[in-house]
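Below is the structure I would like to discuss, written out as structure tokens.
Chain IDs A, B, C and D follow the sequence of writing; residue 1 opens each chain.
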Amino acid sequence: MKQSNQNWKKRLHEIIYEADTPAGKLFDVVLLILILISVLVVMLESVETLQSVYGSYFSIIEWGITILFTIEYILRVVTVKSPLKYIFSWYGIIDLIATLPKYIGLFVTRTEALLVLRSLRLLRVFTILKLARYVGASNDLIKAIKASKAKIGVFIFAVLILSMVLGTIMYIIEGNADSGFTSIPRSIYWIIVTMTTVGYGDIAPVTALGQFFASLVMIMGYGIIAVPTGIVSSEYTSVKKEPINTQVCNNCNETRHQYKANFCHNCGEHL
Amino acid sequence: MKQSNQNWKKRLHEIIYEADTPAGKLFDVVLLILILISVLVVMLESVETLQSVYGSYFSIIEWGITILFTIEYILRVVTVKSPLKYIFSWYGIIDLIATLPKYIGLFVTRTEALLVLRSLRLLRVFTILKLARYVGASNDLIKAIKASKAKIGVFIFAVLILSMVLGTIMYIIEGNADSGFTSIPRSIYWIIVTMTTVGYGDIAPVTALGQFFASLVMIMGYGIIAVPTGIVSSEYTSVKKEPINTQVCNNCNETRHQYKANFCHNCGEHL
Amino acid sequence: MKQSNQNWKKRLHEIIYEADTPAGKLFDVVLLILILISVLVVMLESVETLQSVYGSYFSIIEWGITILFTIEYILRVVTVKSPLKYIFSWYGIIDLIATLPKYIGLFVTRTEALLVLRSLRLLRVFTILKLARYVGASNDLIKAIKASKAKIGVFIFAVLILSMVLGTIMYIIEGNADSGFTSIPRSIYWIIVTMTTVGYGDIAPVTALGQFFASLVMIMGYGIIAVPTGIVSSEYTSVKKEPINTQVCNNCNETRHQYKANFCHNCGEHL
Amino acid sequence: MKQSNQNWKKRLHEIIYEADTPAGKLFDVVLLILILISVLVVMLESVETLQSVYGSYFSIIEWGITILFTIEYILRVVTVKSPLKYIFSWYGIIDLIATLPKYIGLFVTRTEALLVLRSLRLLRVFTILKLARYVGASNDLIKAIKASKAKIGVFIFAVLILSMVLGTIMYIIEGNADSGFTSIPRSIYWIIVTMTTVGYGDIAPVTALGQFFASLVMIMGYGIIAVPTGIVSSEYTSVKKEPINTQVCNNCNETRHQYKANFCHNCGEHL
């Protein structure tokens, strides 16, 4: 009895967690399609003209998918070797978040929009489809971003303090003019809008001094936007070069070999 | 008879497809001028004030050029060795697209604007004028873009999922305020407008929380915009360095050797 | 007597200037919290709806913190070895600026907003928490920015002259249309708004020629924005590579050797 | 007589063209101040509120400076060895442009704004003040920009054709909605505003399909803006590295020596 139970668990585990068997592949494709439909429905539901016409269909589809996701979540917990490890893992939490808002929505309103968080499950597309090349590419990206974390942190901290100081100056300059700089936090918001070169134009200086100062801020922003770009390209370049540095030649101790080289490019020794 | 037919075909082929003879050069220059006139006329036609005055002239010019392009297309098909290969080639399809919309326009309205697709024919300028230097430059660009395809794909996929999640949060924050965040798709549109630092300002947050959250999104966009730039500059730098790889191993025909390598990194042969 | 006075000074100096003892750490954390509260209060005070309700509380908190900062400033001056050196140091000036505006505010209005300059004191977070890694990261940034100072200076100078010329041309083109280009300084402001890709939209061309010229300016701005980015990434990459220079020549004490050099490039000594 | 005439010319040439003597330095500084005053006056003149009050003062200052510039121009032509070479040189043309508009303004209106072109004379600041370091920096910039000319040319050509095609598609999508896409040229203008991430918001899509298509264009623009940045940083990095490649070691033929190295870093041979 226990044996067959074990077998049943093992087979389900293979279908749900792996994509090597035809059944496993089918499961993953169906899952992705369900996620896409679900996210699309939540989005369309928020459009009032569509909601008033197709609202009941949307509701049925969503409840159907929510129940399927709930069953899938329970099966994932049951079939995995260490359920707690899965539950508190990155994907475990996302899988739970994908079902909860609908149930909570029974009691509290406006939480159902959170169902769009289901789109995070789409990240699984990388692991499911074993897109090794893409995963490799994204690993490089993540490595570069991790390596530049400290520098980007310092940079953002400095930009925030600069925004506070500049925002206050702008508030003093334009505060009396009727141009939207009604408070310091709003002026700081405007400084960020300007320095990131977004520039909505909902708030814009109208006095001559304000426009002069705004020009200075923009030219400053010109130089500032170059900094994170410089950091990321520099880190990314060094991350990309890394695979070269692992082999050492026994003969001449040359270390900078090309990736996958069989022989030392300096003395011809077999690596 | 067949001989002279062959000769006639060969001469036309030289004029149409090559630019070495004076006749061929003249043909290409006339062609480019016709394309430019044609594109200009289609654009001006869409300006109502001009269309109401010069409409009939525009119509005559367009029909004239369309007929000339049709003749050119037929001659291209006739004179080329393998007509089918040309018809389904990149330039063959563009050449067809350059004439069709005008004829279809006889039956269906509003398709004539597609005649601007004729501007794609201008890409021929590179091959026609044998601008080797420019083509070389564009090849480098295309190589760099191709090399960074997978990474840019991963990046755009991640940005889209992030946009969905952030757009939903913004919809929850600003949905009740009268500031244009009327649905989730529209909020996602706003997130993309903001993160790419375009910032139209047609939709802009008005609540304090919304502006605070928008500031976070903008600073995030700061870092995010650095990523594709980093990828492209990194790839472009390595593509540019490639010409160094001129050595070929006599033993294993390996070509991708490291700069200044003395021995083949693949088989150990002295270079 | 003098001995105990000396001891008292020494202990206070340790608490205020260093963060190695528990008392010193506590002092620094309390200081940071007070700065944050103070900055927050000044910001909220500028929001009229909050000021009318909680104005008196804000006033009390601010005066309390100002008095504490004044006491701290006096203690810093008293306990330091060379008071004048501290007073005219970077942090000494910031510490003074953090207290003065409140006192001046008794006689002159609207200066209290300058209290946001207190946020500059937050920069102390780096030295206080001994965030060596972050300080290292910020040193790299500062070095790269310093190295690219001359080039960025030339670049901004050229951009300003270009803005003047382009702004004048735009003023001539759009000056008569009712589109906000009412004077040359305002047109220059618009050119800067456009070339930095901020694009508020408070001023935008309406004539066909103006929009054509604006398109040219934008495409130009495309290329121009690449220049500071290129400078900073290039400098940052070379700054980052510097740690390689660890070898010192025994003969001439030259330190800036090329990576993997076998001989000193200055005197020929074997390294 | 001729001797003294020659001497007089030589002394004037020294004062006007060189900055080594005290008189020459004084001349240059006075010239720069006059240019700055002149440019400032032309700008302020275009502000109507200032022009109506101080108009007559502005007019007197401008005529004074114009006459001084005319005298300077004549002296420059007279004292230089080959007057024609100067007249048709870059600075010669700018110097002429700095005086002409005022005289033409006597007969034709609205040309006086062109006097802002005088700001181009400020470029002389680099050569006058012998700012070797800054000139070096700007030479690097100019070299990098020249080296990337062909690639940037190809890039801009491709972007323009892309803009035409995308602009036409947007015109077809949004042409019927009341959102400003009234003609193809205007839609192309909008595409350029969007792809360069300027985003004025004077024209913005209102239909769902239009906003979806706009999102695609923006994300495309994300990748596109990375290309010129990549080109410039890559070229700039190679321009900066160039001084290294001039020396070749007589002993081992090593070529990649550090800038200003006295000995080969590979074999210790004196260079």
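Everything that follows uses one rule, which is that a residue touches a chain if its C-beta (ideal position, glycine included) is under 8 Å from a C-beta of that chain, and two chains touch if they have at least 3 such contacts.
Bear in mind that the values here come from a model prediction, so they are computed numbers and not experimental data.
Which chain maximises the distance between its CA centroid and that of chain C?
B
Indicate whether more than half of the residue numbers at the chain A-chain B interface occur in both copies; give same if so and different if not.
Because under half of the interface numbers appear in both copies, chain B and chain A meet with different residues.
Between the options C-D, A-D or B-C, which interface matches B-D on more than half of its contact pairs by residue number?
Comparing residue numbers across C-D, A-D or B-C, the repeat of B-D turns out to be C-D.
In whole angstrom, how far does the Cα centroid of chain A sit from the Cα centroid of chain C?
Chain A and chain C have C-alpha centres separated by 30 Å.
How many angstrom lie between the CA centroids of chain A and chain D, rounded to a whole number?
41
Which chain B residues reach two or more other chains?
185, 188, 197-201, 225, 229, 231, 233, 237, in rising order.
Where on chain C does chain B make contact in their complex?
197-201, 229, 233
Mind pulling up the chain D residues that touch chain C in the complex?
My answer: residues 39, 42-44, 46-48, 110, 113-114, 116-117, 119-120, 122-123, 125-126, 133-134, 137-138, 140-141, 144-145, 152, 156, 159-160, 185-186, 188-189, 192-193, 196-202, 225, 228-229, 231-237, 240, 256-258, 261-270.
In their complex, what parts of chain C are in touch with chain D?
150-151, 153-155, 157-158, 161, 164-165, 167-168, 171-172, 175, 182-185, 188, 194, 197-201, 204, 208, 211-212, 214-215, 218-219, 221-223, 225-227, 229-231, 233-234, 237-238, 256-258, 261-270
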